[in-house]
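These are the structures in question, set out in turn.
Okay, so chain A shows up in both of these, paired with chain B first and chain C after.
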Partner chain A sequence: MKFDTIIIGGGLSGLVAGIDLSRKGQKCLIVSSGQSALHFFSGSFELCSLADNPYEGIATLGAEHPYSKIGAESIADLSAKVKPLFKEVGITLKGVKDANHWRITPMGVLKRAWLTMDEYGTVPADGVMPWKKVAVLNIDGFLDFHTSYIAAGLEAKGVECSVHAISMPELERLRMNPTEMRSTNIAKTLTGDLIGALAARINEYAHDVDAVLMPAVVGLTSSTDVVKLKEKVDRPLHFIATLPPSVPGIRIQMMLKKHFQKLGGVYMLGDSVVSGEFEGGKLKSIKTNNHGDTEFKADNFILASGSFFSKGLASDIDGVYEPIFGLDVDSLDVRSEWYERNLFDAQPYMSFGVATDNEFHVKKNGERIENVYATGSVLSGFHPMKQGCGAGVSILSALYVSSLLKTIR
Partner chain B sequence: MSKNKIDTSFEQCMKCTVCTVYCPVVAVNPDYPGPKQAGPDGERYRLKNPLFYDETLDLCLNCKRCEVACPSNVKIGDIIQSARLKYGTHKPKLRDYILANTDVMGSLATTMAPVVNFTLGLKPVKSVMDAVLAVDHHRTFPKYAGQKFETWFKRHALKKQDTYNNKVSYFHGCYANYNHPKLAKDFVKIMNAIGYGVNLLEKEKCCGVALISNGFKDQAQKQAELNLSSIRKAVARGEKVLTTSSTCTFTMRDEYEHILGLDNADVRDSINLATKFIYELVDAGEIVLKFKEDYVKRIAYHTPCHMEKLGWALYSTSLVRMIPGVNFMMLDSQCCGIAGTYGFKKEHYQDSQKIGEGLFKQIIDSQLDMVATDCETCKWQIEMSTGVPVENPISIIADALDVEATVKANQK
Partner chain C sequence: MFKEYDVIIIGGGITGAGTARDCAMRGLKTLLIERHDLTAGATGRNHGLLHSGARYAVTDQESAEECIRENMTLRKIARHCVEETDGLFITLPEDDLKFQDTFIQSCLKAGIRAEAIDPAEAIRLEPSVNKALTGAVRVPDGAVDPFRLTVANVFDAQLHGAEVLTYHEVVSILKEGYRVVGVEVIDNQSKEKKTLRSRLVINAGGIWGHAIAEMAGATVNMFPAKGALLIFGHRVNNMVINRCRKPADADILVPGDTICLIGTTSSRLPYDQIDDMKVTPDEVDLLLREGAKLAPELADTRILRAYAGVRPLVAADNDPSGRSISRGIVCLDHETRDGIPGFITITGGKLMTYRLMAEWATDLACKKLGVDKKCQTAEICLPGSEETKTEKKSSSQHVWLGEKAAQGRHGSRSTNIVVNDENDASLVCECEGVSVAEVNYAIETLGAKNIINLRRRTRLGMGTCQGELCACRASGLLSKANGCAKKSAEDLASFMNERWKGMFPVAWGETLAEAQFTAWIYEGVCGLDAFDKKEEA
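Entry: the complex of A and B
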C-alpha cells in the first residue's frame, strides 16, 4: 500500500503534521501504538517559558535546540499559524503571539504558558490577578484535584477564596470505588441532560464572587457540554487542570484525529511500526504488527513516536536507542551522567533523542536518511520542562517538516 | 503462548484510566466496573483469591476497544474473557446454548426455513422467547435461507473451480452458510472473475466466537482444533484461507491463541479477510477490477470492533472506494452495541441500543443509500436500528463488478 507520507506516532506532533500535509493534498497514513502525551495535557501549549516574551527566550537557546534548527524567521511564521489551525479543528485557544500569560497548575502555582484552551482560568501576562473573590469548587470525593492547594496559591496572590465540594447523586456509584473516581469517568457521567443539574449545584455558590473555578472534568468528546455549562452558570466559570488523565487533552486528541480523517487521512490506532526496509540512503517501506507481511510504502516518512514515555525512545544497559529502526541518538555514554542528583534540576536524559540535521533528517550509522524526518518529543536537544517548550517543539517541528514537503494538486 | 501460562501483561498497567475512556459499556451502564478494574486491577486480586471474581464481568462486550487504546499494551479484553471462562460461576442458560450454537441451530433451521422464519417472527413466539428464554422481543432473528451455501456450492459451483490455476480456500462461517448465502456466492463470483478457484475446507465448524462469549470453553476448543486442522491442510496445499467476516477472522487469528490457548502461529498469517487479499492483489498490480458505470451510490463504512482491533478497515474501505460511482464516507469508529449474541439477551437490550445511539444517529443524518461493514451482527443491529440497508464490502464489490470486463482483463 502506497502513501505520499507515512507518519509514525499519532500524538500532537504526528497529527499536526498529518493535518498540514493533508491540507496540501498529500495522501497520509498515521500509525499509532497507543494514546499519547495529550492524555496528560495541562490545557496550555508552551512555546518557550524562559522569558515573558517567548521569542526572547527562544533567542537564548543553543544551536542543538530544535527551534535553532528551524530558525527565528520560520519560527515567527509558523507560530502565527497555530491558533488558526486549532480553530479549524474546533479548539479555541486564548493568548497572544509574543507574550506568555500564566496558567494555574494543579498545585496552585502560576506557570508561564503560551496558548491556553479557552475554558481554563488564566492570569494575564502582567501577572495582575483578574479576580478579587472566587469560589473554588471540587466534586465530592474526587481526589485528583486539591482545592486547598489552589486556594492557598490564589490567596497568596491576594485573591479571597471560598472552597466547596458539590455532590451529584449520579456520581455516587463512582464514589463507591475511589479508583474509579477519575476525571474521565466523571466527564462520562456529567454530560447531556445532567449539565443543567450540575449548573444548578454550582450556582448555589456563585453569588457575590467574581468567578467560579472548578476541575476540568466536563467535555470529553466535544466542547458542547462546556459551552452549555458556562452559559448556565451565573458567574464566569473557569477550569483548572486536574492531575492526569486530562479530559480536555483527550478531547484535543480526538478532535485532531477526527479532523485528520475528515481531510482524507488514514489513522491506524493500536498498531505499531516494527521495522523498515532501507535502500540507497532511503527508507522504502515499513511493516507493522497488525499487518504482518504487508509493506506500507511512501515517498517520505515522519518519525513522531514521542520520548521515553511513549516508547519512541528506549534504554538498556548499552545505552539509549531508537527502537524501530535503530537510528542514531544524541545521549551521554556514561549512565551516571543521565540524572542530576537534585530531582528538581533539569534531568539530562530529558534532552536525549534522535539525532537530526537542520532539516530534521534522521541518521543511521552516521549517514543521513534522505526521506525520513523526526518531529516532536522524539527529537534531541531540548528540555521540555526546564525551557517550557514541549508542545511548541511538537507543533512547530511538525509544521516545519511539512513545509519542506511538496504540495500535491 | 502455551496453554496454561498466565498472561502477565496486567503488570504493565500504569493506571492511567485511558482504557476506561474508550469502553462503550462504561458509558451506558454504571454497574460495569470498567476495563481497568475488570481487567488488570481485578486480575491481581483474582490470582490471590478467585472469590474476588465479579459476575458483572459478563457485561463486557469483548469489543477490545480498551486494548486498542491502552498505551501500555495491556491485553485487557483477553484478561477479562479468560477470567470469565475460568472463574465464571453462573451456568449458561438454554438461551445461551441456543445463541452460542449458531451452526447447530443453523442446520436445523435451514431445513425448515420457512417455518422457522415464520415462527421466529410471530408475536406470541417472540413474547415466549422473551419470557422463557430471555431473548429480547425487540430482536428479530436473522432469517434462515432455504438452501445452505454449501449445498448450493456443491451443486452449482464446485465443478467449475478446477478450471482455475490459482486457488484459495474459503471459510464461509455460519452466517454466510445459513442466513445469507448471497454473501458467499458473491465471494465466489469475485474470486472466479479475477481468476481464482475456490475450495471449501475439508471440515468447517463455527469459529466459536459465540461459544467463547457464552462460556462454553471446551466446545469452543474442540471446534477450534477441528478448524485449525482443516486450515492446516489447505495451507499445506499452498492455499490462503479467506473469510468474509471480520469476527471469524479475528477469532481464528487471535482468540484461538489468546483465549483458548491453542498454538496457531503456523497458519495465522494464512487466515485472511477476503477484502485484504483482493486489495493486495490489486495494489501489487496482479489483478484488475472493472466496475459497472451505472453503479452509483452513497455508501458509508462502519468499522466493527474486531476490525478496529485487526486494524484492517483500510483494505475494505480502499476496495469500496475503487468503485467509480461510489460517494464514500467514513463513519466514526464506535461500537454498534450488538457484540455478537450480547445484544440478543434481554438483560442487555437497553445497554446495547444505548451504546449504538451515536452511530445510529450519524447514519440516519448522513443520507446514505447503504452502509458497508465486514461483520454480520453489526449488519443486523444497524439495519434494525436505522432502517438503512447494510452490506458486506464483498457484496458491494460483487454487485458493482462488471464481471465480463473483469474476466477479460485478468486473462493472461
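Entry: the complex of A and C
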C-alpha cells in the first residue's frame, strides 16, 4: 500500500499533521496505538507560559527548543492558523493570539493558558475574577473531582462559592459497581434525553450566582450535549478539568480523527509499527503489528509517537532509546542525572527526545534520514511543564513539517 | 496541675507500639510519643519477612530460637497481619550443596521445622523459583505487614487506656537531680511545646534512640546499618525465597499482598545521614542482579520503588569502636548502668522479636514501679485477630467489593467499617481494593490525618500504580474530613514528592513512563506544584 505521507502516532500532533496534509491533497495514513496525551487534557492548549505574552516567552528559549528551529516568523504565521483549524474540526477555542489567559485547575489554582475550549471556565489575562459568586457542583460520589479544592482556590481570590453535590437515579445505577463512577462512564450516562433532567438538577442551585462550575463530564463524542446543557441552565455554565480520563480531551481526539477521515485519511487504530525498511538514507516502507507482511510505503514519514508515556520513547537500566527504528536520541548517559530529587523541579528526562535537524529530520547512527520527520512530544529540547509549551510544540511542529511537504495537485 | 503518667514511651515504631501495649495491659498509665507518624522509621522500611529463624540458625542459635518462638506467637496473636506462606532456602549451582546439611541440623536444633525437598518439588511449590536450583529446604517463613502490626498494637494499647501523641517530638528529657521525670515535647504541627511528666521514660527510638539517650545524659553506642530494598510491581512469588548459604546481601525475596520485595543490602551509614537515606545506583544493580538469581523473572518485572531502612546495631558497652556488634535485644537499665534512675532503653532486636523486646522492657518497668503483673501479650490476640466463634455479622448493609481486602487488613475489626450505600463502597484505590468506607474508618478510628497515614493504615497507594490517582481521591476525602483544603493540597504535594523519592532510583522502563504520567497529571493538569513546600529539614 502506498501513501504520500505515513504518520506514526494518532495523538494531537499526528492528527494535526494528518489533517493539514490531507487539506493539501496528500493521501495520508495514521498508525495509532491508541494512547494519547489528549486523554489527560486540561481543557487548554499552552503555547508558552513563561510570560503573559507567549511570544515574549518564546523569544527567551534556547536554540535546542523546537520553537527556535521553527523560527519566530513561522511561529507567528502558524500559530495564527490554530484557532481556524479547530473551528473547521468543530471545536471552538477561546483566547487571543498574544496574551495568555488563566485556566482553573482541578486543585483550584490558576495556570497560564493560550487557547481554551469554549466550555471551560477561564479567568482573563488581567487576572480579575469574572464572577463574584458561583455555585461549584459535583456529581455525588465522583471521586476524581474535588469541589473543596476548587472552592478554596476561588475563595482565596475573593469569589464566594456555594458547594453542592447532585445526583440522579440513572447515576445511582452506575454507582452499583464501585469502580464505575469515573468521568467517561458518567458522560456516557449523561447524554441525550437526560441532559434536560441534568439541567433541572443544576438549576436548583443556579439562583443568585453569576455562574455554575461543574466537572467536565458531559460530551464524550460530540459537543451537542454540552451546547444543549448550556442552553438549559439558567446561568452561565463552565466546566473545570477532572482527573483523567478527560471527557473533552477524548472528544477532541475523536473529532480530529473523524475530520481526518472525512478529508480522505486512513486511520489504523490499535496498530503499531514494528519495523521499517531503510534504503539510501531514506525510509522506504514500514510493517505493522496487525498487518503482518503488508508493506506500507510512502514518500515521507512523520514520527509523532509521543514521549515515554505514549511509548514513543523507551528506556531501560542502561539508557534511553527510540523503540521503533532505533533513531538517535538526545538524552544523558549517566542515569542518576536524569532526575532531580524534588518531584517539582525541572526533571531533565522531560527534555529527552529524538534528535533532529532544524527541519525536524530525524537521524540514525548520526546520518540524517531525508524523508522522516519528528513532531510533538517525541522531540527533544523542550520542557512541556516548566515552559508551558506541550500542546504548542505538538501543534506547531506538525504544521511546520506539513508546510515543508508538497501540495498534491 | 500536670498529669503524671507511670510510663512515657518514646518511639512509634513496632518496639514502642508493643511496649505501649504491654505496659497498658499490665495496668500502667501509659503515654506513647512519636515525632512523625507510626512506623515512620525503620519499622515502615522493613522487609515484611516473618522470619522462621532459619536465616540465623547457623550463625546465631540464640536469635534463631527467639525468632521461631515469636514466629509461632505472631501466627496466633496477629494472624490478620501474617501470611503463612512458608519459605524455601535454595541452593544454586554456584553454592556449596554441602552447606544444606549443616543448615538443616542447625535449624532442627533451634526448633525450626526444616525439610530438604527435591528441586522438582520446589519448582512445583514455587514456580517462580530459579529452575537451576540444586537443592531446597522448606521452612516456616512467612510474610508480616509491619504497618498493620504496629497499628494493631497501638490500637490495643489505646483500648487498654494508653494515650498516644503522634507528630510530637521529644526536645529534652526532664530531670530532677539525676532522676528522669518526664519529657519536653514540641508538637510538630502546631509548633507548641508541652511538658509531660512520668515516673519512667522508656526510650524505644530505634537508631534515633542514640540521641534520646544522649539527652538523658547516657551514652548508648549505636551504629546505623542501612538496608536497601526494591519493591516489584506484582507478586512474583508466593513463598519466601532465600539462599541456602551464610547470610549475604540481597538474598531474600518476600511476597507481600499484591507485590514482592527483594532485600537487603547492608552498609554502615554515618549517623548524620539517618534521616536522609538515598538508595544508590550500585545498590539497585546489586539487588536486581542477586534477586534475579532467586526468581529469574524479576529481571523483567517492573520495579515500583526503592527504599532503605536503618537497623539500630548496638556496640557492647566495653567496645566503643563497634567491632563487637550484637544483633540481639539490648535492654538497658540506666539506673544501674549510668546512675540515671527513671530511664530505660530498649533497642537492638528485630521486627520479629518486637514482642519479646516489649516484654523485657515492661518487666523492667514493672519491677521499678513495684507492679506485680504477668506479661500476657503472647496469649491475648491483637484487635483484628480475635477468634470469632460464630461468624460476626458485619454492620454493613451492602455487599461490597473492597470487603475481602479490608477483612485481610483489619481482621475481625473490619466489621466496624460501615458501608451504608454505594458511595461508601466505591473504590478509592483500585490496586489494593480500598473503599471510601475504609478510608473514612482509618480517618475516624485509626487516627489517619494525612495520605501517608492512610497509606500505612490501609495500603492505599501501595499497589502497582503507587498512588497514581487514588492519592488525589484520598486527598479529597481528607480535605472534606479535616475542612482545610490548603493543608490537604500541601499534604498531597508532599505525598507525591515522597513517592517520587522512592521511584527515581529505579525510574526506567515503565516506572519512568508512569513518573512522566504523574508529572503531567499533577503538575501539568492540576498545578500541584503551587503547593510544594520546598525541602523541609
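Quick note on the criterion: the second predicted complex is superposed on the first by the 408 of 409 C-alpha atoms of A that agree within 3 Å, B and C clash if a C-alpha of one lies under 4 Å from a C-alpha of the other, contacts with A are read in each partner's own complex, and residues count from 1 in each chain.
In the analysis below, a contact is a pair of C-beta atoms (placed from the backbone, for glycine too) under 8 Å apart; a residue touches a chain by one contact, two chains touch by 3 or more.
Just so it is clear, the model here is predicted, and its values are computed rather than measured.
**Q** If chain A is used to align the two complexes, do chain B and chain C fit next to each other or clash?
**A** Overlaying the two complexes on chain A (C-alpha atoms) leaves chain C and chain B fitting together cleanly.
**Q** Between chain B and chain C, which one contacts more residues of chain A in the superposed model?
**A** Looking at chain B versus chain C, the one contacting more residues of chain A is C.
**Q** For the overlay on chain A, what angle lies at chain A between chain B and chain C, C-alpha centres, nearest 10°?
**A** Computed angle, apex chain A: 90 degrees.
**Q** Could you say whether A:175 touches chain B, chain C, both of them, or neither, answering first, second, both or neither?
**A** It touches chain C, and chain B stays clear.
**Q** Tell me the contact category for A:308 with respect to chain B and chain C: first, second, both or neither.
**A** Touch partner of A:308: chain C, not chain B.
**Q** A:108 contacts which: chain B (first), chain C (second), both, neither?
**A** Once the two structures are laid over each other on A, A:108 reaches chain C alone.
**Q** With the two structures laid over each other on chain A, which partner does A:245 touch: chain B (first), chain C (second), both, or neither?
**A** Only chain B is touched by A:245; chain C is not.
**Q** One more residue to check, A:270. First (chain B), second (chain C), both or neither?
**A** first
**Q** Check whether A:33 is in contact with chain B, with chain C, with both or with neither, and answer first, second, both or neither.
**A** A:33 sits against chain B, while chain C stays out of touch.
**Q** With both complexes overlaid on chain A, does A:125 touch chain B (first), chain C (second), both or neither?
**A** A:125: touches no partner chain.
**Q** Let me test your reading of the model: by the given contact rule, A:149 touches which partner, first (chain B), second (chain C), both or neither?
**A** Once the two structures are laid over each other on A, A:149 reaches chain C alone.
**Q** Minimum Cα separation, chain B versus chain C, post-superposition (Å)?
**A** Minimum over all C-alpha pairs of chain B and chain C: 7 Å.
**Q** Residue overlap on chain A between the chain B contact set and the chain C contact set?
**A** Touching chain B in the first complex and chain C in the second, residues 179, 244 of chain A appear in both lists.
**Q** Using the touch rule from the top, collect the residues of chain A that touch chain C in their complex.
**A** The contact residues of chain A facing chain C are 37, 40-42, 105-111, 140-141, 143-144, 146, 148-149, 151-153, 172, 175-176, 178-179, 181, 241, 243-244, 246, 307-309, 311, 314-317, 335-336, 338-339, 341-344, 347, 349-350, 384-385, 390.
**Q** Show me the residue ranges of chain B that touch chain A in the complex, using the header's touch definition.
**A** That would be residues 15-18, 20-21, 26-27, 30-31, 33-34, 36-37, 41, 67-73, 269, 276, 279-280, 283, 308-312, 314, 318, 330, 332 of chain B.
**Q** Please output the residues of chain A touching chain B within their complex, sorted ascending.
**A** 1-2, 33-36, 39, 173-174, 177, 179-180, 182, 184-185, 188-189, 220, 244-245, 250, 258, 261, 266, 268-271, 288, 290-294, 310
**Q** State the interface residues of chain C toward chain A in the complex, per the touch definition above.
**A** Going through chain C, the ones touching chain A are 281, 285, 288, 400-402, 422-423, 425-428, 430, 435-436, 469, 472-473, 475-477, 479-480, 485-486, 488-489, 493, 496-497, 499-501, 504, 507-509, 512-514, 516-521, 523-532, 534-535.
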